[in-house]
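Comments concern the structure below.
All chains are identified by letter, namely A, B and C, in their written order; residue positions are counted from 1 within each chain.
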Amino acid sequence: MATILEATGLVKSFGGVRALDGVDLSVEDGEILGVMGPNGSGKTTLFNAITGAIRPDAGRVTLAGHDITKRSTFRIARLGIARTFQNLRIFTNMTTTENVLCGAHMREDTSVLGSLLRLPGRSAAEGEERRRAVELLKEVGLGERIDVYASDLSYGQTKRLELARALNTEPRLLLLDEPTAGLNDAQAAVLLGLVRAVCRRRNLTLVVIEHNVPALVWLARRIVVMDAGRVLVDDTPEAAVSDPRVIEAYLGHDSMRSAL
Amino acid sequence: MSMPTLSLAGTDRTRPTGLVGKLILAALCLVGLVAVPKVVTNPYWLHILNLVLIYTPLSIGANIITGYAGMVSMGQAAFFGLGAYTSALLMMDAGFPWFAAFLCAGLVAALGGALVAVPCLRVKSDFLSLVTIAFGQIFFVVINGWMDLTRGPMGIPSVPQVQVFGWKARTETDFWYVAAIIVGIIVFAAWRIVSGPVGRAWEMIRDDEEAARALGVNVTYRKILAFAVGCLFSGFAGSLFAHNLRLVSPDSFVQEESLVIMQMAILGGLASIPGSILGAFLLIAIPEALRSSIPELIVYRPGIMGLLLIVMMIWRPQGILGRRRAAPALLLSLSDTLRRALGLKPLGEK
Amino acid sequence: MGAYLAEQAINGLAVGSVYALIGVGYSMVYTILYLINFAHGDVIMFGTMVAIGLLAAGVPAWAALLGGCLAAAALGFLVERTAYRPVRNANRMVPMLSALGAGLILSSLAQSIWGPEVLAFPQVIPRGAIEVAGLRLPIQPMLMLLVAGILVAIASAVLEFTKWGRATRCVCQDMVAAQLMGIPIDRLVPVIYMVGGFIGAAGCMLFAMYFNVAWVQMGQFATTKAWAAAMLGGVGNFYGAFFGGILLGLAEVIAVMTFGSMFKDGTSLAIIVLVLLLRPQGLFGSPMGTRS
């Protein structure tokens, strides 16, 4: 299988803290890769480095051979990386449909002239985009919530909306940052079931940060465990979870003990 | 779409306007165009309406920058003035025909807006407003001081009227017809721009820049574009202003004007084209009406505006016609916290 | 020639110190609250006008000036209560807009009380100069420098050595941590507004006296200069604003000598643009003032 994303030697410091301390990661096309680790191990920072939200102090990130280390976020998005955020960045001033339509930005005609002229094909294209958005909303289980203001959604529904919006960008690689945070076990199971189905349907490559270890073991084909800015273990889920180094790292952080 | 609908600000933009709705709107506009001068026969009041027409593109421009793209610009009077001076000088000193001067006014203002936006984006958004104030003042200082070009504080008198194919707009009525058509086209163009992906991209930036970037939006480019488009309209307004008033002087473009322009967008409705028109109407017609009946009130104009600003923040931060959620989240949370402070329920709760 | 330059330098420094005093008010509020207090200019203008009124009513000079500063401090408190406190948890533009509204109300009020014309400020400090070692030392600028120096020295002494002052600096660093450590932010913030108003009004009065002009828009006028000073020095920095003011004063003098008096007011604007283009964080500031 081809490697779609490769990160080598990523280093990033904030003030005195080394958030990333030489991280290597490779993601294969079509796989589901899990990323876990105690709080502060650098997982979100890793995502940020990949998507260009922060610039690493050292190291390289390549996407399908292109070096994207120093590229700006929007260019990386245009290369086919989509992400969701830990703190849910949906557009609360828009409806669900409009949020999902925002995902179409990269393929729409966003020129001023195009908007002014509204040549014949355009309203057909707009109708098509709207249809596509509605389909996505239904696919993530928000079919009852079309054209509802995003701020009126429940927490779980908001997560699905963010997923739908990310999917609408038609990415090759999707990064999910703690999708089940704040959900109870039942809700988490449903959401991750949806995620897996959605990714299979599109043959989408997925990298997921999760604290919910059993869920991640179920979902991922491979798991990377991080601690203190480094990759501890990169192995199958079962092997990763029972690796003594991983248990050591989690035991050192009491809060995560129960997760294992 | 089974039922044709009239699309107004306040409904989901993704639903297309029905054909019937469009035709009704067009018919109303046409009727209005012809009927107004017949109904409003007093030239003073027609002049007021003409001023509303002139300020409409200005208000729309401010709304694009602030309401759609979320950047608070407190220096729009400078671009208004830039358009006015450009148009007047091109006609008088360079012999341009009116329409060419009009177009150039818009383009020069748009260029100015884009140039100003570039350094503005280098500072935190808090400072953006300060920088726009500074640029507004720079403009004022320059036009006040550059006697050779702008005749300085005295201004440029006897600016020619609007002329199209040899026909001159000699009266307020004449001006009304030309301006109404032009402003109508501008309003239509603005609506087209903001109701499509361009407007949506701006709103994405306004609501969450980080998320917008992750969705492929070139934020820097789009912010500059917002300034360019907003100032394009401001420039057009400036040209209309110059050839209606027939005097272009620095006094018309002081800092307070920028605040009034910003207020038009905030009061009438952020991220709303009809709101911009309403804002222009309210902040032109009402002060004029008051001025003729209670002249002393003019002294209190800034204070009244200040009070209005605070009241709007509490009661309805998105403006009268703004979509409830079109107000940047920050203004909504202001409203909620102010209401709580006063013992009222926040707007969102039942 | 040397004497002329020295005199001009003193003038420049004096005016600069006045800008610094005004700028300190903004800088303090911004450093701690990340807010631009748009009402500051109108508050200090109001205080200055009150001082003029008191002087006209025959109040002794020291009392009138003090009264003006106290009035500004009181107004600062009022602005904090109405334009900051109810909205402090909202996002940044919000309190700035309501402060803008408050400032507009104040300027309207001032205009209805004192009218739109330019007033003269009674010259309570005599104009003229004294001869010292062959140098002409103009009295007003010297006293301005002295007053500004004393006020800044007091303010920095308070910042460095008192409990309140150290608390303020803690808040500067990290508001949440300061709150967690029990520092009474709610009592501290009004004090900052008041002190900023007091000092700023002192600066504004000196400005009015030196140029012998006072008018309702002068707060806004001085504001641009104070902001140029703060940006030049670096906004996050209390001392930065002060040095920025001095530099601005000198820059203006140089501009006038080189290009002519027409360009004096343009200097501050030019500085804002230059700082923006070349070094957005100012001379002494941290890049926190810029987009990261």
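Everything that follows uses one rule, which is that a contact is a pair of C-beta atoms (placed from the backbone, for glycine too) under 8 Å apart; a residue touches a chain by one contact, two chains touch by 3 or more.
All of these numbers come straight from a predicted model, not from anything done at the bench.
> With centres defined from CA atoms, tell me which chain sits nearest the overall protein centre.
B
> Report back the single chain whose CA centre is most distant from the CA centre of chain B.
The most remote chain is A.
> When the C-alpha atoms of chain B and chain C are each averaged to a single point, how far apart are the two points in Å?
33
> From the C-alpha centre of chain A to that of chain B, how far is it in Å?
40
> So, what's the distance in Å between the C-alpha centres of chain C and chain A?
Roughly 49 Å separates the two chain centres.
> Give me the residues of chain B that touch two or more other chains.
Each of 328-329 in chain B touches at least two other chains.
> Give every residue of chain B touching chain A within the complex, in rising order.
Result: residues 12-14, 16, 189, 192-193, 195-201, 203-204, 206-208, 210-219, 225, 229, 323-329, 348 of chain B touch chain A.
> Once bound in the complex, which stretches of chain C touch chain B?
Interface residues on the chain C side: 34-36, 83, 85-98, 100-105, 107-109, 111-112, 116, 220, 224, 227, 235, 262, 265-266, 269, 272-273, 276-277, 280, 289-291.
> Taking the complex as given, what residues does chain A use to touch chain B?
51, 53, 72-74, 77-78, 82-83, 85, 89-95, 97-98, 101-106, 108-112, 114-116, 118, 123, 126-127, 130, 133, 147, 149, 151, 165, 169
> Okay, in this complex, where on chain B does chain C touch?
It is residues 72, 119-127, 129-131, 133-134, 137-138, 141, 145, 255, 259, 299-310, 313, 328-331, 333-334, 336-338, 341-342 of chain B that touch chain C.
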